[in-house]
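Presented below are the structures under discussion, each in the form of C-alpha cells.
In the two complexes below, chain A is the common chain; its partner is chain B in one and chain C in the other.
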Partner chain A sequence: MDLETDLVVIGGGMAGLIAGTIAAEAGLDTILLRKGQSATAYSSGAIDVIGYLPEASEPIISPEEGLFALSRLYPLHPYNVLGYDKRIEFEKVMENIVGRTKDTVTWLKAHLDGTIAPLMGDFESNMHPITILGTTKPTCLIQKTMHNGDVQDREDSVLLFVGIMGYADFNPSTAAKTYLEDRMAAAGPPRKVGHCIIQVMPFGKPYNVSSIELARHLDHEGSIENLAEQLKEHIEQIGATHVAFPPVLGLQDALKNKEKLEELTGTTVFELLGFPPSIPGQRLQRALETIFTKAGGKMLLGHEATSYLKVDDNLKSITAASPRREIKIDAKAFVLATGKYIGGGIAGDETGLRETVFDLKPVTGDYHSAMEIVPSRFTSRLSISPTGQPIQSCGLSVDPRFRPVDEDGLEWAKNLFAAGAVLAGYNYSVEKSGLGVAATSGYSAAKNAIEFIKEVA
Partner chain B sequence: MDENEAFEYVKSTLKKEKITPYHSDELEIVKSIGACINCGLCINHCPVVASVGLDRFSGPRSIAVELSRSPPEFWATADKVYLCTGCGTCREVCPKNVNIPEIVNIVRANIFEHRPDLVPKGLMIVKEIIEEHNLAFEPWEDKEEKEESRDMRLERLGIPYIPDVVKENAEVLFYPGCQAEERAQEVREAAKAILDYFDVDYTLLDEFSCCSLPSHLMGDAKTARNLAHQLKGKVKKLGVKKVVTTCAGCTSNLADLSVRDEWGAPAYHLLEYLVEEIGFEKLADALKKVAKPNDVHVSVHDPCHLIRHTSRQVMEHALNILRLMPGVRVTESVEHDNCCGGGGMVSFHASEVANSVVQENMMALEKTGAERLVTPCPLCTAQIENNLFKSGSSIEVDDLTVFIAQRLPKKE
Partner chain C sequence: MTDSKFDVVVIGGGSTGTAVARDCAMRGLRTLLLERDDIASATVGTCAGMISSGLKYRDEPDIMKMCSTEVVYWNHIARHIVMKNPILAPLLDLSDAASDSSYMESYSEHVEERDVPAMMFLTPDATLEIEPMLHPEIIASVYYEEYFIDPFRLCLLQALDARNHGAEIRTYCEVIDFEINDKQEIEGVIFYNRVFGTTERVTTKLVVNAAGPWAHKVAKSAKEELHIRLNKGAHVIFDRRIVNTGITVKAMDGRWVYLFPHENTTLLGTTALDTWEDPDTLVASFDEIEYLLQSMETVLPSIREARIIRTMTGVRPLVPDFKVPERNVTRGYRIVDHGENDGTKGLLSFLGGKLVTCRHMAEAVTDLVCEKLGKDIACTTHEKPLPGNEDDVDIIALSKEYDISLHALERMRARRGTEMLKVLEMTKEHPEWKTTICTCEPIIEAEIRLSIREEFPQTLNDLRRRLRLGTGPCQGTFCTYKAASILSEELGLAGDDFLVDILDFRAERWKGIRQSMRGEQLAQEELAQGMYACVGNLDQSDVDYDLKPWEEGH
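This part shows the complex of A and B:
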C-alpha cells in the first residue's frame, strides 16, 4: 500500500498538529502519523511560553521579557533559532523572534476558539492560575475554564476548594491551606479560604472515582444541576464568592458546565491545574486534532514511522507501520515532531542517546554531541533542582530553517524539518516553556516546509 | 528436541507450580508490558472504564501494572480481566504502545489452564460449541432451513445468489468467518456476489472452520492452536495466493496466522482487496452504472479489529468507496471509532457491560441524523443492530459488504 502527499508530519502532539494545520491551511496535502499520545495530552492544558529562567526563582512577568532574557543568556534556545537566519538583519532579530512567538500565540488562541479547549490570556503578560496543590504557576494561556476571575483582586473574595468523595487525586483541605499561606505572604485577597467535599457518583458509588468518569458524567444532562444543589449549602456556610474544582468539569462541555454552575450558584467557578494526565490536557489534544482535520489534514493514528528512503540529500519517503500493515508514504517535505523521551523521538540506553526515526545525532543542552551520553549519568541526584535535569535539554540541533543538522553543521536532508520537544537547547520543566516551544517551532517548521515546497515547484 | 517438544518439556516441569512458560511468539507482548510508565493516560480512553467505571473494571493501566503481574495462575484477576473488550484503544493512545489487549489473552490463557472454574460460564458454553462443531456458533440443524433463510435474506436485500465454488489453485480464498457462515449469511453471499461481479478467481473452503480468534480470546490456547493448524492445512491444500475475509476479527487474526504459521498467502479484508486489487476506477465505473440508486444518508462504525488491530487506512478505504456511490451521503459520528462493546468475548458472559459500552455510539449516532449505519464487520453489525432495536431507534444497520453488493449493477 503506497500513498503520496505533499507533506508528512511525524508526531501528533502540539508541535506536529500545529505544523500540520498550518500546512493544510496553506493548501498542502498533509498526512500526520501518530504512534501514540504523548506529552501534549499529559500536560495541564495551559500553554506555557516562558515562565522562569533556569536558576531563577522569581517568575517572569511577560513572555516578551522572557524572550529578551533568553536571547542574551541562551542564544541557542529554540525560540532563538529564527535569529540565526542570515536573511534577517541583525537589528531585526529580536523583533522577529518576539513577532513569530506572538503570532503563534495569537494564531493558537484564534484557532482553538469554538473547540472544546478555548483559550484566554495573551502575549503581553503571564497569568498565574492555581494548581490542585494550592500553588500558582506562571503561564501564558489558560483554558477558559481555568479562569479564576477576580479572586486575587477583590478585597472581599472568599474561595471554596471543592473535593469529590472517592476521588483521590485532589485533597481540598491541603490545597486550601497552601493557597491561604501563599496569599497571606503576598498580603493580598482572598483572606478567607474554605474547603468541602461533595458527592458525584457517575456509577452510583462514592469511591474509586476517576477523573474521566467525572468529566464524562458532568457532560450528561442534569449532573450540573445536581452538583449546584449540593454546593449551595457549602457556599452559604462560608460566603464563598469563588469556587475551585479539580480539572474535571467536562470533556466536551466544560466551559458550558462552568458557566451553568456560575449561573446556578452566583459565584465564579473555575478548574485548578491538575496532575498528568489531566482532562484539560486531553481536551487540548482533541481540540488540536479537530483543527487539523478541519483544515483538511489527514491523520493516521496508530501508525509509527519505522524506516525511510533517502536519495542524496532528499528524503523521499517513510514507511508507516500499524499493528498489521505497512504503508509507504512519498512526500515532498517532512516534519519530525516526535517529542522527547515520552513521545519516543529521543531514546537512551546504556550505549547513549539516539534519535529514533532517522538516527540523527542528538546534542546536549550546550550543543555537544550527546551520542555517548548515558541517561543515568546525565541526571542530577535531586529530582527537582533549579537547573533541571541535564538530560531534558538534549535533542536535535537545527539550522535557521529548523532542519536538523549533523556534526558538521550541515542539514541532514534539505526537506526534513523538526519541531517541538525533539529539539535540544531548552528545559521545559524548569523554564515552563513546553507547549510554547512546541507551538512556535511547529509553526516555524511548517512555514519553512511550505516555503521549501514552493521553491522546489 | 524441536521447539514444541522443548516447550512441552519445560511446561511439564513447572506443572506443580502452576506456571505456563511463554511461547516464543508471546515474548514481545510480555516485554511490551515492561515498558509501561504507569502514567494512566490509557484509563481516560478505555471505553469499558468510560461506561461502567473504574471500580467495576480497573482499566488498562491496572492490567499493565497489576493484573498481569499477579501470581502465576493469575486467578485473582479473573473478575476484571474478562471485561476487557480487546478494543486496542489503550494500546493506540499509550505513548509506549503497551500491548494490553494481547497480554489480556495471555492472562486469560493462564486462568483457563490452571483455574478453569474461574472462566465465565458463558465462555465455556462457546468452548463446547467450538469443540463440537469447529464453529463459534451452534450450526443450523436443518440444512434446508438454512438455505431458506439465506434465500429470504437475499431476496429482501436484492442480492443475487451465486452458487458456492470450491476449487484448487484459485487466486483468492474467500473466508466468511463464523458469523457470516452461520448467522449473517447475507454477508457471505454479498461478498461472493461482489467477487463474482469483478471476475475474481476465488474459492470457498470445502469445509468451513473457525479462524481460532474466539478460542484465543477466551484463553483456550490449545483449541486456538488446533484450529489454526487445521485452517493452515486447508489453505495450503487449496493453494490460493491470497485470503480475503469480510469479518474484522478474522482480518486481524488471519493476518497474524498467515505470518506466524507461514501460509504463503497474506490475508486481507474485502475492502482492502477491492481498493488495492480491483481499484477505485473499476469500482467507480460499476457503482455508477446502477440506474436509479436510492438516496440514503449513512453513518459509519469503525470495527476495532480493522482500525486498531489492522490499520486505520482500511476505514479510509471504506469511506472512499462510500464516496463513490451515487446517492449516498455520509455523516461521521463523533464516536465512529468507539468500540461497540462486542469484542473480547465480553458479550458472551457480561452482556450488560457490552451493552453499556455501545450506548455512547448510539447517542452519537442519533445526533448525525443518519438513517442507516454501515460497518464492515458482521459482529459489530449484530451488536449495534440489537441494541438500536432494543432502544426503539429507527436507524437500520447494514454490513458494508451487503451495502456494496446492493449497489452494484446486474452483471452483464
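This part shows the complex of A and C:
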C-alpha cells in the first residue's frame, strides 16, 4: 500500500503530536507514525520548561529567567536553537527564544483545555508540586488535578496523605514524614500533616491494586462518593484542610472527580506527581492524541518507520511497517520525533550510539561524535546527582531550522526536521526540561516544516 | 562503652565468619560475630555460589575429596537453597580439551556420594539438543553436573542459626583495635558501631579473624603481619537464565571461564587479576567485560545479543603463594595461629578457602578454639539442618490457598524453605501484604516485613541480600522506593533517612550497572533518571549522603 501526504511525523510523544497538530491545523495533510511506548506517557504529566541550570543547585524562579541564563551559558542548548532564525538580528535572539517558548506554553494550555489533561500555571513562575516521595520539584505547568491550592501559604493548613490498601506505588506515611521535614526546614506551612489508608478494590481484592485499575474504577459512578465517605473520618481526625492523593483520580474524569471530592469533603484535593505507570502521563498522551486527530491528523499506531528513500538532499518517502503490512508514504517534509532511548530514537551498544531510522550521526552533549563512544564512559560515578548521566544528553545536532546536520554542520536532508528527546545537548532529568523541550522543539520544527512546504510550492 | 565477656569473637560476616560463629555457638561457646557492614556484604556476595566438586583443583586430591564431602553436607543441611546445574564444556577443536583426561576420573571418583552421573562425552547432536544456542560446529562436549548454593541466604542462615544457638550477631560494627596484655594475650576487642557512631569494647578469650581480603588489615591492628594474595574476579550478569545449562570454555589466555544460570539470572565469570587496591573501590573494567564476552562468544556466538544488567566484582583472599598463576594457588585454606610464633596469643587468622569449604574451615578452627579453651565438644554443623530445611513445601497447594502466584511462591521457597509458612501466615491478618513489591524476583510485601522484623537488615542493600530485592532486569528501578517506604515504616526512620536509603541503594546498583551499560540498559537508565531525578528531584536533595568508596576520587 502506498500513501501520499504533505507531512509525515515519525514518533507520537509530546514532540511528534504537537508537531503533527500544528501542521494539521495549518491545513497540511499529516500522517503520524507511532511504533509503541513513549516517554511522554511515562512522565508525571506535569510540563517542565526549565527547573535548574545544569549542575546548579538552586531552582529557577521563572522559566523566562531560566531561558535567559541558558542562552548565555549554554548557547547550544535546544532551547537556543529556537532563537536562531536567519532573519533575526542577533539582539533579538533572546526575545525570540522566550517568545517561542511562551507561545508554545500558551498554545499547549489552550489546546489541552477541555481535554482529559487540562493544564494550569504560567510562564512567569515555576510551581513546586509535591511528589509521591514527599519531595517537591520545580515545573512550569501542572495538570489541574495536581493543584494543591494554598496548602503552603495558609498558616493553618493541615495536609492529609491518602494511600490505598494493597497499592504499593504510594506509601502515605513516608511521604507525609518526608514532606513535613521539608516544610519544617523551610519554616512554612503546613505545620501538620497526617496519613491514612483507605480501601478501593476494583477487583474485590485488597492486594496488587494497580494505578490503571484504580483510575478506571474512580471514573465509575458512585466510586467518588464511597471514597469521600471513607475519607471523612480521617479528615475530621486531624482537621485536614487539604488532601493529597496518588495520581490515580481518574483516566477520563480526573478533574471532575477532584472537584466532586472537594465538594463532598470540604477540603482541597489534589494529585501528587508520580512514577510510571503514570496515569497523568497517560492522560497527557491521550489528550495530545485527541487534539491531533481533531485537527485532522491521521495516526498510524503500531507502525514503525523502518526504511526511507532519499534522492539527493531530498527525503522522498518512508516505509512504515506494522506486524501485518508495510506502507510506503511519500511526503513533502518529515519530522523525526522518535524520542531518546525509551522512545527508541537513539540506541546503542558497547561500540557506539546510532539514530534508529535514518542512521543519522548522533553526538554527545558536547556535540562531539557519539558514533563510537563506549556508553559507560559517558556516565558519572554518582548515580543520582545534579551532574546527571552525560549519556542522557546524547542525540542529534540540528541547524537553526531544526534539521539534523552531519559532521560538517550541513543538513542531512533539506526536508527532515527533528524535535524532542532525540535532540542532543540537554539532560532533561537534571534540568527538569523534558516535556518543555519536546513541546517547543515540536512546535518549531512543525512551523519550519510548514514554511518549507510553502516555499517549495 | 559496653563490656561483655565472650569465649570467642569472630570478625567478619562472610561465608567463613558466619560458619565459624554457627559452629562455635552450636558447641555452646559464648560467641560474638562482628561485621563492619552487613552479612555477606563482601567477597562471598560476589561469588558464583558454586559448591563445586573441586574439578578445577584436580592437582589437589584431598581438596577435591573435601569439596565432595562438603557438597554432600550442604545437600543435607541446606537443600532448600541448593540447586544443581548440568554443565557442558563444548569443544571446537581438540586443543580445547584439557591436556590430560585425569580430571574425568578425579571428578567421577566421588560422583556417587554427590548423587550425580559420571562425567561423559557428548556428540555434537546430543550437545546441541541440550543447548541449541551453542556454536553449530562444535566437535563434542564434556557433560557433568555441579551444585550451587545461594551465597547470601547461606551466610544469613548460618548467622541466624548461630543466633538461635545463643551467639550475638552484630552488623555495622567494625573492629578497629585489640586489647593485648603484657603476656601478649588478647583480652578485648574494640570496635566502631557505624549505626550509632560509638566505640564499644568487649572482652574475649579468643578471636577468629575471618575478614576475608581484609584479614591482613585486621591482623595489623594486633601488630601482626599477615601475608595474603588478593585476586580480583569479575562477573557479568544477564537479565534471565539465558542458557539451559552451565557452559565452560577455555578463555583467550587458556584459563577456564563459565556461564552459569543462577537464580533468575545468568552469571558469566570470571577474571583473575592480582590486586592491591581497597576491595571496596573495585569495579569491573572494560577489558574484563570484553575478555569474558569474547571468550564465551567462541562457543556461544549470540551471547552479545543477550541483555547484560550489571557486573559484580570481588576479591579472592588467597593464601600467599606467589610466582604462580592464580589458578595454581591452592584452594585449601590455612589457619594462622599468631600465638604459635611468638605473636599475639588468642588470635587465629584465616587465609584462603572457598565458599564450598566454609563449614569445613569453621569446624577446623572451632576444634582449635575448643582445644585452647580446654573443651572437648563435637562438631554437629554437618548434621543439623539450617533454618527452613526441615521439610518439603507444597507450593501448588499454598498457591491455591493464598492466591499468590506459583512463581512468587517458588522464589520464596528457594529463599526460606519451610520458613516461608511464617510469611504466608502474616498475610492472613494483612491480606494487603500479598502485594508484589519487587516484580522481577518477585517478592511480596509480607516477606519484606518479615525479613525486617527477624533478619536484622538496616538498609535496602541489606534487604537485597536477604531477598534478592532489586537484582532483576530493572535493577530496582521500580521497587527501590516502594521497599524503602516499608523499611522506613518498620524501622521508624525519618524522612531524610528514607531518601538516603533510596540514594544508597541506587548508588550500589549503579556500581554494577555502569560498567556494562549498553543496549536496553540505556532505556532502563533513562527511566531510572526520569523517576528519581526528573520527578523525584533527588538529584537536588539536600540530605546527608555519604560518598561510597567506589564513588570517591574524580
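Everything that follows uses one rule, which is that the second predicted complex is superposed on the first by the 457 of 457 C-alpha atoms of A that agree within 3 Å, B and C clash if a C-alpha of one lies under 4 Å from a C-alpha of the other, contacts with A are read in each partner's own complex, and residues count from 1 in each chain.
Keep in mind that, in the parts below, a contact is a pair of C-beta atoms (placed from the backbone, for glycine too) under 8 Å apart; a residue touches a chain by one contact, two chains touch by 3 or more.
Here the structure is a predicted model, which is why all the values come from computation and not from measurement.
Could you tell me if A:Y443 is touching chain B, chain C, both of them or neither one (first, second, both, neither)?
neither
In the overlaid three-chain picture, which partner chain does A:S44 touch, first (chain B) or second (chain C), both, or neither?
Second partner only, chain C.
Taking the superposition on A as described, I'd like to know which of chain B and chain C A:F123 touches: first, second, both or neither.
A:F123 contacts neither chain B nor chain C.
Could you tell me if A:N208 is touching chain B, chain C, both of them or neither one (first, second, both, neither)?
Touch partners of A:N208: chain B and chain C.
Check the residue A:S322 against both partner chains and state whether it touches chain B (first), chain C (second), both, or neither.
After superposing on A, A:S322 lies in contact with chain B but is clear of chain C.
Given the touch rule stated above, what does A:V374 touch, chain B (first), chain C (second), both, or neither?
Second partner only.
Pick one for A:I342: touches chain B only (first), chain C only (second), both, or neither.
In the superposition, A:I342 contacts both chain B and chain C.
Let me test your reading of the model: by the given contact rule, A:Q282 touches which partner, first (chain B), second (chain C), both or neither?
first
Which chain, chain B or chain C, ends up touching more residues of chain A in the combined arrangement?
C
Quick check on the superposed pair: does A:F292 touch chain B, chain C, both, or neither? Answer first, second, both or neither.
In the superposition, A:F292 contacts neither chain B nor chain C.
Quick check on my understanding: which residues of chain A belong to both its chain B contact set and its chain C contact set?
42, 205, 207-209, 276, 342, 344
Under the stated contact criterion, what part of chain C meets chain A in this complex?
286, 289, 304, 403, 431-437, 445, 478, 481-482, 484-486, 488-489, 494-496, 498-499, 502-503, 506-507, 509-510, 514-519, 522-523, 525-541, 550-551, 553
Over in the complex, which chain A residues touch chain B? Could you list them?
1, 35-38, 41-42, 202-203, 205, 207-213, 216, 276-277, 279, 282, 298, 300-304, 322-325, 327, 342-344
Across the complex, what residues on chain B touch chain A?
37, 39-41, 43-44, 49-50, 52-56, 59, 88, 91-97, 252, 255-256, 272, 276, 307-314, 316
Of all residues in chain A, which touch chain C in the complex?
Interface residues on chain A, with respect to chain C: 39, 42-44, 48, 52, 57, 59, 131-138, 165-169, 171, 173-174, 177-182, 205-209, 273-276, 340-342, 344, 346-350, 374-376, 379, 381-386, 388-389, 391-392, 428-430, 432, 434.
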